[in-house]
Amino acid sequence: MQKDELIKILNRYKSGEIPEKDILNYFENLPFEDISFAKIDHHREMRFGFPEVIFCQNKTPEQVAIISEKIIKQGSNLLATKASSKIFESVKKYIPDVEYNETAGTITYINNKIKKLPGKVLIVTAGTSDIPVASESLVTGEMLGLDITMINDIGVAGIHRLMEFRNEFISASVIIVIAGMEGALASVIAGLIQSPVIAVPTSIGYGASFNGISPLLGMLNSCVPGIAVMNIDNGFGAASLAFKILNSLDKLKTTD
Amino acid sequence: MQKDELIKILNRYKSGEIPEKDILNYFENLPFEDISFAKIDHHREMRFGFPEVIFCQNKTPEQVAIISEKIIKQGSNLLATKASSKIFESVKKYIPDVEYNETAGTITYINNKIKKLPGKVLIVTAGTSDIPVASESLVTGEMLGLDITMINDIGVAGIHRLMEFRNEFISASVIIVIAGMEGALASVIAGLIQSPVIAVPTSIGYGASFNGISPLLGMLNSCVPGIAVMNIDNGFGAASLAFKILNSLDKLKTTD
Amino acid sequence: MQKDELIKILNRYKSGEIPEKDILNYFENLPFEDISFAKIDHHREMRFGFPEVIFCQNKTPEQVAIISEKIIKQGSNLLATKASSKIFESVKKYIPDVEYNETAGTITYINNKIKKLPGKVLIVTAGTSDIPVASESLVTGEMLGLDITMINDIGVAGIHRLMEFRNEFISASVIIVIAGMEGALASVIAGLIQSPVIAVPTSIGYGASFNGISPLLGMLNSCVPGIAVMNIDNGFGAASLAFKILNSLDKLKTTD
Amino acid sequence: MQKDELIKILNRYKSGEIPEKDILNYFENLPFEDISFAKIDHHREMRFGFPEVIFCQNKTPEQVAIISEKIIKQGSNLLATKASSKIFESVKKYIPDVEYNETAGTITYINNKIKKLPGKVLIVTAGTSDIPVASESLVTGEMLGLDITMINDIGVAGIHRLMEFRNEFISASVIIVIAGMEGALASVIAGLIQSPVIAVPTSIGYGASFNGISPLLGMLNSCVPGIAVMNIDNGFGAASLAFKILNSLDKLKTTD
Amino acid sequence: MQKDELIKILNRYKSGEIPEKDILNYFENLPFEDISFAKIDHHREMRFGFPEVIFCQNKTPEQVAIISEKIIKQGSNLLATKASSKIFESVKKYIPDVEYNETAGTITYINNKIKKLPGKVLIVTAGTSDIPVASESLVTGEMLGLDITMINDIGVAGIHRLMEFRNEFISASVIIVIAGMEGALASVIAGLIQSPVIAVPTSIGYGASFNGISPLLGMLNSCVPGIAVMNIDNGFGAASLAFKILNSLDKLKTTD
Amino acid sequence: MQKDELIKILNRYKSGEIPEKDILNYFENLPFEDISFAKIDHHREMRFGFPEVIFCQNKTPEQVAIISEKIIKQGSNLLATKASSKIFESVKKYIPDVEYNETAGTITYINNKIKKLPGKVLIVTAGTSDIPVASESLVTGEMLGLDITMINDIGVAGIHRLMEFRNEFISASVIIVIAGMEGALASVIAGLIQSPVIAVPTSIGYGASFNGISPLLGMLNSCVPGIAVMNIDNGFGAASLAFKILNSLDKLKTTD
Amino acid sequence: MQKDELIKILNRYKSGEIPEKDILNYFENLPFEDISFAKIDHHREMRFGFPEVIFCQNKTPEQVAIISEKIIKQGSNLLATKASSKIFESVKKYIPDVEYNETAGTITYINNKIKKLPGKVLIVTAGTSDIPVASESLVTGEMLGLDITMINDIGVAGIHRLMEFRNEFISASVIIVIAGMEGALASVIAGLIQSPVIAVPTSIGYGASFNGISPLLGMLNSCVPGIAVMNIDNGFGAASLAFKILNSLDKLKTTD
Amino acid sequence: MQKDELIKILNRYKSGEIPEKDILNYFENLPFEDISFAKIDHHREMRFGFPEVIFCQNKTPEQVAIISEKIIKQGSNLLATKASSKIFESVKKYIPDVEYNETAGTITYINNKIKKLPGKVLIVTAGTSDIPVASESLVTGEMLGLDITMINDIGVAGIHRLMEFRNEFISASVIIVIAGMEGALASVIAGLIQSPVIAVPTSIGYGASFNGISPLLGMLNSCVPGIAVMNIDNGFGAASLAFKILNSLDKLKTTD
């Protein structure tokens, strides 16, 4: 729920359109709705600027479906991440027209028009195998109103391939770099541009990549200062941070 | 060296004030100056928006002094981090009026007026022991033109102390959270605000804090999405990212 | 078997009701019953105050069933933890009316009325995904006579949701906090109350949560002193400690 | 500051003995006192039942001295842990009659009579080398009003030595077990008694003890359920938990 | 093949019973037989005193079957460890009367009477779940001619259960202790006896047992000196060491 | 594509055989071909001397098939590693006569005659279980034109078996040692010869081998200087390095 | 104190030579002597066959001196390990004629003639840097009555050097192998002989040897079955195990 | 000692110049010279092509001096690595004109003219702080007859600086890349050239670089196949491998 909507409701109450009993009932629901196994935070949208997101891992298909229904009924947009096709089947029974992106593992449903944010966000992957994590970033970014695009398979093994995209790098306000193995792509790109770089290590690789520890450490120790590191495979978090950065522009303009 | 300065030089060449030989010589030095044990990147300022920074750890006092002198001679501002008092003594011999912040471990020298960036940056520490890392952030931020301030010793053990500062949190464009032990402060603050949070784990603590692994993992696994995690004790990196974010937004504001 | 029962048997022997041969035979069985692959400790109830518990992991369904039967025949209550539905099926064949809690992974059977302990125990989970571990605590607590309840999904990302339950926190004699990811909930709650907090890290999360290492380290390094940390996913242990704490009250009263 | 003291002040205000201005000023200081590098939590005593404790590690001697003075001026008792003799020297300059326990690394000063708690607390160490950590527990316990004693050097290598103390074990309300190496002492003692056991792994040992990881893991994985595990070398935390347990039981006894 | 057999063959050659060509051919096969994917070491029996053992993990059922056949054809006894039932099926096709112990995961076939060694070997397990590893030790010990027996489920949580077996412990020449979780059983038993103790950590447990790291570290750091530690789950190695120890008796007698 | 081929094309253009439009189009494709989820690097052959290799892990069968087809159409040879039989089925649909080596997990197709390199490369495995990784090395080596052979199952447990092959070791220009468990074979062989040794740790073993960490550390810490260590299970990398070494001979001759 | 001595005392009591009061007093001291910070186990000699050993690390010089004096007064032999020269100075004040071996870090004093055990024990080191740990084994072995010798600097890098000593290896009843780096020496020697091998990893090396983790893992994962692994740098433990083995065999020989 | 020298001695013996007794005595010394704490391998030069190297870490200054003297007396060249200035002082007393390179930590002495090998070896460092490790490589390479040079401070943060040296990269036969932090330089350079790359991770950095684990993992997981990885800080090993590669190619060239 957007802040605007809240102000509207308050005004309608002031004008007598909504009786006291109703607005009280409404605010009672505001902080969160208790459905015993989960507390849904319906005014998170107002506080954070984006809706309750369901992290599906370790939740039962049934639980995800019930939470999803509550969110959509409340009139919010829905984003569920790390969702298996089994979870999608369960949600679909409750909400027939939800959308599922299998590569990204996301379930989405749009109730309200998404407010567009200024600035370009670019996702860059080191290899074909990093695409699932990148897709989670892409879908999340779109749900949050980002102007977001993706370039795949630009590893540091071929610096010439990478250099071809230099203009794209420079024109982006935020770059999300998604890489497994040694994770060096984040350093190389961050060394080429002025904008903030968000680095997501992936669990791609084998042996001494230790399910993503290798690129995680590489990104944390980058010789380029100020790279924002995310948890392994956390494509969702990267897009969230990009959103928070670009969302700050409005505040900056006002306080100026 | 600022971009403006470069444009000035080019104009002076165009108008015949500087002969061709000199400008060629000048550009030859541009990419980097080779002093055998280090390559100084004099046009980094132009590319990244901030000067060559010397990371002092594992360099000899002599090496730091020589690099410092070259940077200052070139007309750039100087920032050296993780500098011991012994290194400061060495640099002082070459450049008598450099400044040293012992708590922060920084050596600074200002040649050119620093360009101010819009937006407020707030540094929050969990405990008194985190102040050295926070001070590194503070000095770095000041050198990069940030409007940056610091609040100390607000741990999650006393949520009421923390809540007293809620207004300060909300009015900041970027918050840098610096915490050791369990590192939970980043999550709690990020749960209260919309702006981006940069989290720096510190090596403060003992036993199972494992020199900062505990808060590092805590911050990477935060239940609040989109926290930008830095390397352990990397106060410098946090201020660099804050700079990149505000610099990127500043450009966006103009192009808007 | 309760201590009272033992005293009764001894008195019946003294009064001649039970012949010497029988009481000798009885005591022979006391220390433990040997069924080749397991030693059942029938007088543990007397020593510890609670019955033999079967930890099912790495035992065959057959083994669990045989041990269960022996325990129930001896007249004790039964609690089996980390039990799969396959193990439940096996036990059911021997003891048709055992109860199974699928979420908690527990098998229970009550032979003797459970003695109630004073004081309230509260279980708090950080997220919906922590419920299985919390349920193991809940069932264990009920089998041990605790007045125990559960509040779910109160993460530190929303301090306001958490604060709503402050009165519940304060009125509890012991709080069990169950959390994955960064595990910060234990610190925040322990910072609000005087009573002991028992913290259970869970293996919920992905990437750098490393199957529970992240919350485990977070809880061990809490800035709030005196948090009792359990093994990862050890809901059973947490309830056991709560029992031991509240069970000490009787001793305290007597020795007073 | 004890709760009783607060009630007294409030009553004196009610009776007109203290003017409104003064009580307001008094409460203003209540939440915490800000001395720039630290926030002292003067009403923690009221909330938690024990005074602000200074964790000296990573604080400068100067900082510890200033915080100590503030605490003592406020009329609270002082406990500083992990204090080097250098820190003690610094504090002594400000507060000449503080006491220093070199083995325990503690600095103490008693302003108010300490309220005694019911129940016996027993500290048991596995070896002579664990005594410093045990001493930290002992001093902390004394400052918190515990009836606390210490038995040293009872390792599992000599079960007969250990068994000699069985009566002492049984008569304790809480046992704190302090052990390095394999940390097995916690399991063996917890297997003999009904009361809660608090286990503190120490960094004693060499090679594969990995500075306390070995006993930490051993204690977390104990085959005896419900052992409360502390951070490595955290003698202070163990006594804090013992206090919270007995304090909680004390309240329960009254409300019973 | 036993040393005795070798001497017989040599004598038969000396007496002319075996022609030179045959004995040459025989010795050519001695060092090892090359079957492309494996080198079978047929005179290992002579050098080490026990036959080639097949470690089945990571070998295909087909490979195990072929190697087994070669060994048996050569007239040696066969022991295959970590064998799945699938591997057993494959071997059975080649050698119909091999024996399979499912709990131990061993395949055995006896061609030659096993030479008995003096001394008693006792296997002790901490819990029912450690029996598979203990069974591997038991079967290995029997194949090597040890007088070996097994006592199960004697954890340190019940020292009284353990003490019941003190006489068994003292009468053994070598004790193999097999334990997961904290692995403290090795220390407790080694503290009671003079004979060598061989400790095998098992991967039993969950969470912070980290698949056996916890008992492995516990055993390496035992406060009782001279415990022989094996790899995690290495029941085979423990019996091999017991064999080497008792096998040395003959040498000791001769050199006496 | 070989360098020779490139020179031919250039000459044909010079002579007018190929019009300007075509050669431009040709060079446009040179750097890489963009198929959205992957960038195929068609002139890698020229730069590195060997074709684009597809690392199949974490790619979908469909993706591997499409990339394979593109590579073969371009006229290059194909090598795909870590390929499951499922991936092979998918590729086969597009390119019916590709070859699959199940043990090695490789898919190959030869378009151009492979240029032979001088020198002998020997692969040595410590055990039968290391053969899959060794086979990946073997197939890779053959595709790169190496004169490469394999000797299996020569562990350090039987130094006499190993010594039998001393002549083979000495006559090789490069030796690839593939070993799991303690990985000592690399040290022993490197101690016998002058030529470079490439060591590949394998994830063979159990318990404290930690999926290859044990041999990886063993090889990195070898007491024989200059062993080239590869990632765990990286048979492909070992053959690649052998190729690079022997391929340098031409350069050496020219510059001589 | 030896068993013989105990029997003598008992006989003297029986014959009236020692009055009842004295023998009671004597037995009171038997289990252990309590000196507040340590419990000295005076009848350990009887139970284990060797005297109380003082592990000096983390004990103060004063503590070691007091314990040493008590042990010597009781008439036992003394062995203190990991003793710095500072500790030696302290002990010397109490017992002027103790001996100190600086390389081994041992303090010794012989009160009673040491009983010799049959069999030869051989210590083998991989490099010169392993000698301190080996010396601890040597001194310990001598104090325990072993016929023990040392061969130094036989690494696997030079198999020919190693083979020169094959006869020495074969004639030993127990071999202690002490090695850092990759720790392969244990496997190679164990592959050559039938007798038990005790392996001690040392913290010698740098980088990825991780203070002894590399050889520790190598030894635990040896391809030769039944190697007895000790803690890192635990030369004392190795000699203790050698003693237990030969002591056990000695008893067996007698009972045979 | 060179092979040539050996042949000469043999010829002089054949011609009667050297009597049988002397040559026997000579060969007795050949395998190694035993100086109790070390075995010096005088014919290593013949077997490996380079002289005995002394790894000084964990050796006493005295030990290094004695070994050095023996090596030089035998007529070999001397190389000692990881040598402190204290060790240098000790060696200087025995051999007054040895040379010491403080940055590299090497002691050298040249007895025989070093045989030059064909091909160029290039050392590249990522930062000024990597120079000590690089210097160890440089000195080692010079002692082994390599044509070896060094370029410093070319990190991936400035790809343009790196590209300036492309020609140097391409003209090298072997490149040694020395880098700490994320270690990405190895991948980037290996992606530009055909020749073998040897990568040395350094312990430079802080926090999550974990003393070199971060670059070590990065290099092992490089997306460029066939990078030869060395132990952390092992500059000596890198030069040794470069020598073995060029030595092997040199032989191949001749036999071609």
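Letters are used for the chains, namely A, B, C, D, E, F, G and H, taken in the order the chains are written, and counting of residues starts over at 1 for each.
One rule holds for everything that comes next: contacts are C-beta pairs under 8 Å (C-beta built on N, C-alpha and C of every residue); 3 or more make two chains touch, one makes a residue touch a chain.
All values reported here derive from a predicted model rather than from experimental measurement.
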{"item": "Labels of chains that are neighbours to chain B and to chain F", "value": "A, H"}
{"item": "Equivalent-chain rotation between chain D and chain B, CA atoms, steps of 5 degrees", "value": "90"}
{"item": "Identity of the chain that, by mean CA position, is farthest from chain F", "value": "D"}
{"item": "Furthest chain, CA centroid comparison against chain G", "value": "A"}
{"item": "Geometric centre distance via CA averages, chain F-chain E, whole Å", "value": "39"}
{"item": "Between chain G and chain B, distance of the C-alpha-averaged centres to the nearest whole Å", "value": "55"}
{"item": "For chain B paired with chain C, centre-to-centre distance based on mean C-alpha positions, whole Å", "value": "50"}
{"item": "Where chain G touches two or more other chains, by residue", "value": "127, 158, 207-209, 213, 216, 220-221, 231-232"}
{"item": "Complete list of chain pairs which touch one another", "value": "A-B, A-C, A-F, A-H, B-C, B-D, B-H, C-D, C-E, D-E, D-G, E-F, E-G, F-G, F-H, G-H"}
{"item": "In the complex with chain E, residue positions of chain F that touch it", "value": "128-129, 131, 152-154, 158, 160-161, 164, 204, 206-209"}
{"item": "Chain G - residues contacting chain D, complex", "value": "31-32, 36-39, 41, 44, 55, 57-59, 63, 67, 82, 201, 203, 211-213, 216, 231-234"}
{"item": "Of all residues in chain G, those that touch chain F in their complex", "value": "126-127, 155-159, 163, 180-184, 187-188, 190-192, 205, 207-210, 213-215, 217-224"}
{"item": "Of all residues in chain A, those that touch chain B in their complex", "value": "47-49, 53, 118-119, 173-174, 194-198, 216, 220-221, 225-232, 236-249, 251-253, 255-256"}
